[in-house]
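What follows is a structure written as structure tokens; I'll ask about it next.
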Amino acid sequence: MTSNSLLPLAAVLIPVVTGSVVFFLDEGRRGLRTVLNLSGAALSLLVVMVMLVGVFQEQAYAFRWPLLAGLELYLEADAFAMLFSPLSSGLWLVTTVYAVGYMEHYRNRRRFFGFFSLCVATTMGVALAGNLLTFFIFYELLTLSTYPLVVHRGDARSLAVGTLYLRYTVGAGAVLLVGLIWIHGLTGTVEFTEGGFLAPFHEHDTSLRIIFFLLVGGFGVKAALVPLHGWLPMAMVAPAPVSALLHAVAVVKAGAFGIVRVVYDVFGVTFAHGLGVTGVLAVWAAVTILYGSLRALAQDDLKRRLAYSTVSQVSYIALGVAIAGPVATLGGVVHLVHQGVTKITLFFCAGNLAETLHIHKISEMDGVGRRLPLTMSAFTLGALGMIGIPPMAGFITKWYLGLGSLEAGQPWVILVLLASTLLNAAYFLPVLHRVWFRPPPHTLPTPAREAPLFLLLPPLITGLLALLTGLFAAAPFTPLEWSVLITEREYPHGYLPGP
Amino acid sequence: MSQLTLYGLAAAALFALGLYGLLAYAHLLRKILAVNVMGNAVFLFLVALGRTDPQQTNPVPHAMVLTGIVITVSATAFALALARRLHREVGAVDLDAQSRRGEALDSTQTEESGKS
Amino acid sequence: MTATLFDALLALLLVWLGWRTVVSTNLFNAVVLFVIFGLLMVLCWARLGAPDVALAEAAIGAGLTAALLLEAYRDLTGNDPHHVHDVEDSPLRWPLAALCGLLFLGLVATGWQLAPPTELGETVHARVAESGVENPVTAVLLNFRGYDTLLEVAVLMLALLGVWATNGPHATLGSRQTLDPDSALIDAMVRLLVPMAALVCSYLLWAGAHAPGGAFQAGAVLAGAGVLLHLAERLQPLGTASTSSRALVTVGLFVFVAVACYPLVYGGRLLAYPDGQTKALIFLVEAALTVSIAHSLTLMFSGGRAFQRGRR
Amino acid sequence: MVGPIVTPLLVAPLCLLLPRRGLYPLHLTVSLTGLLAVVALMRAVALEGPLRYAMGGWGAPLGIDLLADGLSLMPLLLTALVMPPLTLYAHDYLDEDGDKQLNFWPLWYLLWCGLNASVLTADIFNVYVTLEVLTLAAVPLVVLSGGVEALRGAIRYLLFALLGSLTYLLGVALLFAAHGTLDMAGLAVRWAGDRLDAVGLALIVVGLLAKGAIFPLHIWLPPAHSAAPAPVSAALSALVVKVAFYLLARLWFWVAEPAAGAGLLLGGLGATAVFYGSLQALRQGRLKLIIAYSTVAQLGYLLLLFPLASGAALTGSLLQMIGHGLAKASLFLAAGNVIHVLGHDRVRDFAGVGRLLPTTWMAVGLSAISLTGLPPSVAFLGKWRLLEASFQQAQWWWVVVLVGGGLLAAAYLFRVLACAFVDDPAYPEVHRLPWSLTWMPLALAALGLLMGLFSAPLEALLLPGSPFAEAP
């Protein structure tokens, strides 16, 4: 094993340091706090980029810390990690810019930014975790650092939502702990190994099946699989940057990433398929996709509609993972990034609308395009990406998912994809129509000015990013290219149709 | 019937009696008396143990009992001081009944006539 | 044969007294029965060949505890002998009685044919010579198991601090005197008893090395004299602790800890008295302990923090 | 080896004589010597295995021995880590009442001496004396807070403690009757496991259960711990009740060979304690009562050591003990701050306390993490080892107790934590507290988490001389 390279540790510790320093800065020091936050985000992005290049050239970065005999904290920059951590550190930088602008007139900003950085530190921890125990540790810390953000407003409603959120996530933690202990009991190790390490223990197949559903159930709460998604739409009461970062990048992705890790690096996709559990997961994901889209149709509040769309979109990843075939895996894994980038744009725009024009309901969005042309164009890019119109990133995912399902001999997945695309269109297009083609009601404030710079820049950046990842999918260092690399490492026999 | 069995039986009986007294009666003075009876029971048993043959008694139990007696007297003195303070403060001579009367005191704020 | 008969009678009487103490609802009877129980215990210790313990029981168990109980009794029941308290006892008395009966039977069943090994007794007797004192009990108490006694002195001091903590600085001390302090009888009694008690105390202290006696018994006797002086209002308890009183309280523990740590200076073990001076050191410790114990026990009886001579 | 006992013993009478101002250097010296002594002991035990110290040079059957091995070092370390912050906190917390100060410090140092002495001794009668030192130091400290509630709690505590120690003493007498020696090592060699030993052990266990407020005999703990002043209830909950558990473990595994069924009984008691304590904590309105009942619950976890009886379970329960000790001390100090500032501790009216005492509430958050056994804390590692042991011993039902207990703990702790986030523009700004009142709770809670990263050497300490010699 190479020596303990401190890079992975640095990626996790930088946000912790900035967070704790921000905690002890008193409320008034706005300038210093912003500088600190931004520099922390930039530094962490830099570290991740260095590791990205390194891993691309087959270099390994690992950091081990013995907690107890036979139990260690293990951070490793492997292929999966390098897909998720650039996503979270990059979007963290963008969201910090957005949050600085957005939180202008809020109280307790010191507490907000402190927990904000801690939250990202735990997401980095989740991304770089090398074994299931480290993953579990950061997964639990993610709950603790996001709770104060969800209840930041401090009024009765957000506290009620906070308690609901805790109930779901701490319950999930308990379920995960049982699964984790069971695996450790059976096999003695919880190390993530490419192609999974449970195959030789196939004689305990019944308990392995139970373990699988314990783990997927535990991660499913954060990945908002159907019965466990209750907290996501309710958590829209949190301020916009919180719902943007949390529900597009950190929390939901951690759940999905957990499922990916379990299927690939704990069970191994071929062994999981042999157990027959991936089929059940595929059905579960499909049900969630359809359910999420249907519920989104009925929502009038913009953020709740986006929340339900997140519920369905995240299940694409689960679906891709569940269809045991290299191409489907490719689709699922790459969607991890695409959905993140696209959804965060939509949340930024929703935040802008709420902030500048105090619009929360879709019915009030008539003719908003004239008022906020740039924000609304970013919103349109995001919406199209969600539906999966060709040049956008969303299309690539659906393309590979369809291809993969055909190749894996499960044609019914195509039907699900078609149905969900139609539903996406059904709940996004009317919004676009209302935004661009409806005359604005006279009540809107006449001198419509664009959102302040801090609030405008982030959606534009992420919107463009969504477009670019779609257009130049084949270029090196794009999420698609990286997913190909992952799939090659994941599937030993490695045959793969050309990108 | 050697001395050991005789006094051992007495010690066992006294211990059981003391335990019963401590658990069954509410009055603090009776509880403290019961504790002393229990203490003496255990010490009786210990010294009886040291008495295997009349010529040579084992001095270690004696030292233990001496230490025990001093500890018991300290604990009794402290317990009595606490009981007297409780009586002075709230006019109670036990722990539970008084809580009802105590609540009556707080809620109705009437000036409870001196108990004695 | 008569000896076992006597023992059997004594044991039976003890159990009966114990039962009556615990069960009687009239508190005054209970306290008096307990005092008699204490005195009979003294007889038991004598029968079981434990003179030191008999002395200690007489001075502390039957003497001081009785005084404390009577003082508390007067405080709690307003001093009328026919007082019957209206406190109802715990409802589940009978199951408790059954439980304690069961415990008794269990103890009897296990301890029926006890044959305790005796090698510890022999080793102690064999090595008493090395301990620097002849009386084996004092040897065990202050030398072999000196650590127990060290902590026990701390317990005594803790109890005193506890009494101080409960009573607080301005607690109403001094019980309501029923007897006339100036009467000649009291005066004569005090003038006779107190010096005698002092004499007995110093004898016990000195004899402790080679005969039954020792610091605790001496201290208790001196405390008895102190209680007498307090009751006869020759010593007034004060609310605030004067430095002399505090010094008196702590001198016992200080000297003992100092003597215990003295060998550490030469790299020896804690409480390992250097060879030559064991007897002298033990006597020094015992003297300091006696003073401390007497002062503490009297303060505990009176509830005050210091004493001042003369009447109120 | 003798340092941690003698230093507080020497300082206690000094406090009675010195004026209050002169006490600060004393606090520092005792804290430092305590810590240094424990570190030196840990290194010595790590190198040479368990150390025996013959008191007065007489050797085991005749004199009294002290024994320092992995098991005794854990509570010793906990005391050395928790007591210094509590002392500094108490120094500022009790500053106003001169008389209370006069009484407080000697009792405090003798409590400290009792804590260290009871953990090091290897003589079962000496254990009785140290337990008495602990009780008679703790009860007056509870009374010191004044008020009838504290008085009633103290009396109930004293009576239970006396019941416990006399039952324990009878057990010691029975063992002495059977084997003629008071030394633990001697007893272990001669242990015959016949009826006499069994009844003796049973009495000792019941005595220690009463002392350690373990489930059926816990009635005295909540009123006493909630009525006592904050640093005292912190010391009681975090340290004093742990001594009873340590002694139970020492006598159960190192001296006796009890029947397997007996272990299950204790485990059952522990499980009921966990659920009973947690449910009671959920129902309480006052913060200090919630924390006191949480102590009753968390003690239940420690009892799981007895049915599991393996190296992993031993490490698990000891790490859980340390984690709980640190977190509980921090929580009680935080409660002390709240009472110091708000004047009451009714959780219902805590609105805005998060803005008022931000650092204190951060400490509450961190200790909540430890108490619910969430990852980075040392309590989590303890819980992990206990879970692992349940799998190894194929007694999976303890998993339900551990995980269920964690969830219940989360329920009653996050209910308290949520009060910090209730926000209202009308709430005043940060309330200035003396420095030690603000930082000590945070230091203790943070220590609970940091220890999570450095407990590998602690576990290694447990191996030499452990009855489950195989590696955990």
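Think of it as A, B, C and D in the order they're written, each chain with its own count starting at 1.
Going forward, a residue touches a chain if its C-beta (ideal position, glycine included) is under 8 Å from a C-beta of that chain, and two chains touch if they have at least 3 such contacts.
The structure displayed is predicted, hence computed values, not measured ones.
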If you take the chains that touch chain C and keep only those that also touch chain D, what is left?
B
Using CA atom means as chain centres, which chain is nearest the centre of all the protein shown?
D
So what's the Cα centroid distance for chain B and chain C, whole Å?
14
I'd like the Å distance between the centres of chain B and chain D, where a centre is the mean of that chain's Cα atoms.
27
Taking each chain's centre as the mean of its CA atoms, chain A sits from chain D at a distance in Å of 43
Cα centroid separation, chain A vs chain B, in Å, comes to 67
Enumerate the residues of chain C that touch no fewer than two other chains.
107, 111, 114, 116, 118, 120, 124, 145, 148, 152, 155, 158-159, 162, 166
Set of chain D residues in contact with two or more other chains
125, 129, 132, 136, 139-140, 143, 151, 176-177
For each chain, which other chains does it touch, given as pairs?
A-D, B-C, B-D, C-D
Note which residues of chain D are touching chain B in the complex, please.
125, 129, 132, 135-136, 139-140, 143, 148, 151-152, 154-156, 158-159, 162-163, 166, 169-170, 173, 176-177, 182
Touching chain D in the complex, chain B uses residues 15, 18-19, 22, 28, 31, 35, 38-39, 42, 45-46, 49, 60-61, 64, 67-68, 71, 74-75, 78-79, 82-83, 85-86, 89-90, 95, 98-99, 102
Contact set on chain C toward chain B in their complex
4, 7-8, 11-12, 14-15, 18-19, 21-23, 27, 30-31, 34, 37-38, 41, 44-45, 47-50, 52-53, 56-57, 60-61, 64-65, 68-69, 71-73, 75-78, 85, 87-90, 93, 96-97, 100-101, 103-104, 107-108, 111-116, 118, 120-122, 124-125, 136-137, 139-141, 145, 148-149, 152, 155-156, 158-160, 162-163, 166-167, 171-172, 214, 216, 297, 300-301, 303
Please give the residue numbers of chain D that touch chain C in the complex, ascending.
2, 6, 9-10, 12-13, 16-17, 53-58, 61-64, 99, 102-103, 106-107, 110, 113, 117, 125-126, 129-130, 132-133, 136-137, 139-141, 143-144, 146, 151, 174, 176-181, 195-196, 199
Chain B contacts chain C in the complex at 1, 3-10, 12-21, 23-30, 32-34, 36-37, 40-41, 43-44, 47-54, 56-60, 62-67, 69-71, 73-78, 80-85, 87-88, 93-94, 97, 115-116
